[in-house]
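Shared between the two complexes below is subunit A, which pairs with subunit B and subunit C, respectively.
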Partner chain A sequence: MRRLGAVVGLLLAAQMTATAQDLDPGGTIKKLAARASKTIDVNLDQSMLRFASAFLDPKDPDQAQAKKIIANMKGIYVHSLEFDKSGEYTEGDLSALRDALKQPEWSRIVNVRSKRDGENVEIYFKKDGEKFEGLILLATEPTEFTFVDIAGPITPEDVMRLGGHFGIPKVNIDQDSPTGKGQDK
Partner chain B sequence: MNRLEDELKLALRRVDPPEGFAERVLARVASKETPKASPAHWWLHAFGSVQLRWAAVCAMCVSLAVSGALYQRAADRRRGEAAKEQLMLALRITGSKLQIAEQSLKELDSSGRPER
Partner chain C sequence: MNRCRLIFVLAIFLAAPSFGAADPEFHAVVRSIETQYGVHHLRIPFGLATLCLKIAQVPGASGLKIAVFNNFSQAEIPSDGEFEESIESTMGSGWLPVVRVRSNHDLTLIYANPSDKDIRALIVCLQSHVATVVQTKVTASQLRKWIEQPDEATHQMN
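And then the complex of A and B:
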């Protein structure tokens, strides 16, 4: 009976970590991190989010908003890398990540590409039927790479509700056409 | 020389002890066999009773439990604050990237393109 419990526990743990791992096939982020001069990794699973939530100050507007956002989240994983010089990562490195997001449950809703300053931002939402189940943000600059994986029921409305908090502006996302609004500037 | 010897003999002559000397010495020795409690050992006598010993053990256990709980609480608080800082950092990083996207979308809007 104990063995069965241990097996079930391991399977559940594997399931919980699967979201973050599946979206980095071949360990692209790990490879890039090895070349980075500065890395920020935030890995908060559901239990850590609950734990952190207990310490958020409801009187602070940012923290009160954060408490609402993470109430049903399963995990927030952020990998932010800075490089000393441009060219430390290639389009090929990024395509491995994008390929993982080509699965039907993922929809690219925002794709901003700036040829002027090289700032590119892609936002993907994961949908299961009518339910939103996650968000991936992939932002690249010549010397920066940021990968944000928010697992859980985050909707475009939630992103809009973030407006005015954490320096996040009010983003208007047309939910009816989530098939990619890519724009090259 | 003979005079000196005579004086020495006189000074060192055998003299019998006074009456009752041996008894008095033995009585004095017997009285010193029960030492008085020294100030350093008074507390040992205080714990002579079983109740007091148990009370001391209980007090020690309670103080250990309270100290442990306080330490655990402080450790939890430190971990919680660290997790909170990580969460806020994650949201700020996400926000800064959304800001870039929003700024670009606004620029497209202002340039008069129909689709954002």
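And then the complex of A and C:
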């Protein structure tokens, strides 16, 4: 979950704007939150992101890139839920969420499933024509669930570049992999 | 002794009875809690408040206001966003909910109001027996730290 935390942190670096979506189809997150022993919600709007980006050093190549990426983001929403024990939520509880992400504008680029520790990570990108308009990250573990929603232009390359900033973990996306579709490990 | 209690003990000796006229949202939030839960706050004087934040290791904090409700006795933290809605309805525009950390016995809310020069942060921390409201100016890096490590904000306010 450390890796997920880092992802969450990264996502936090970005922001959301007035047009950010904060998806919660069927009230899935709200329902899960009611069962969780602990919830952490982070909302960053465009003004907050703009402020945060002002403190990135434009002379540092990495930070300069992050600054540029964040400048165009509209918002970031992170919902992190912890449960006392496994089994308090099931794959079925996420069906409404996943159904929403089956809409044509969404494409799953990353799908990592770990049979060893039950940690799964999925990343979906929202596309408008050839442009990326947003990102959803779902990270599930037996006792944890993390949902990240980034609104605004973000590409798979941006996700990798933002890794390490604002607590965002390093994310490697192999775009030559068949799908986007992911892998089991 | 957690920090809420430390603040409370010190406040017994140094608390002033009322607020100044500035920062209406801080007053509004404090009054909202008083009304909802039938409690009264103790105001921490500026100098002591600054000391408390130094104890809590919040670098760059300034312009600080703290209200502590030591007789807060809400056994269960209000659920389903009711409390947040009531707080947010009392705050003026420009305040953004940035972080919310909720567990069975704690609720921490961090709101931010960024301007060209600085960020004002308003933190509301409810626990089973103590509630704390803090308003302060913070650096962007401090706010970013709270965003990336929300639990740290909770610990600093407790």
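Everything below uses one rule, namely that the second predicted complex is superposed on the first by the 127 of 185 C-alpha atoms of A that agree within 3 Å, B and C clash if a C-alpha of one lies under 4 Å from a C-alpha of the other, contacts with A are read in each partner's own complex, and residues count from 1 in each chain.
Criterion: a residue touches a chain if its C-beta (ideal position, glycine included) is under 8 Å from a C-beta of that chain, and two chains touch if they have at least 3 such contacts.
Computed from a prediction, not measured in an experiment: that's the story for all the values here.
Touched residues of subunit A were counted for both subunit B and subunit C, and B has more of them. When the shared chain is aligned, subunit C comes close enough to touch A:45, but subunit B does not. When the two complexes are overlaid on their common chain A, residue A:159 makes contact with subunit B while staying clear of subunit C.
Of the two partner chains, subunit B is the only one that A:137 touches; subunit C does not reach it.
Within the superposed three-chain model, A:114 lies in touch with subunit B and out of touch with subunit C [touch as defined at top]. Contacts of A:71 after superposition: neither subunit B nor subunit C is touched. Within the superposed three-chain model, A:34 lies in touch with subunit C and out of touch with subunit B [touch as defined at top]. Residue contacts after overlaying the shared chain place A:146 against subunit B, while subunit C stays out of touching range. Residue contacts after overlaying the shared chain place A:54 against subunit B and subunit C alike. Shared contact residues of subunit A with subunit B and subunit C: 40, 42, 44, 48, 51-52, 54-55, 166-167. Interface of subunit A with subunit C (complex): residues 9, 12-13, 33-34, 37-45, 47-48, 51-52, 54-55, 166-167. Against subunit A, in their complex, subunit C makes its touches with residues 79-80, 96-104, 112, 114, 119, 140-141, 143-144, 147-151. Across the complex, subunit B meets subunit A through its residues 77, 79-81, 83-84, 86-105, 107-108, 113, 115-116.
On the side of subunit A, the complex with subunit B involves touching residues 40, 42, 44, 48-49, 51-52, 54-56, 62-63, 66, 69-70, 76, 78, 80, 110, 112, 114, 119, 121, 123, 137, 139, 146, 148, 150, 159, 162, 165-172, 181, 183, 185.
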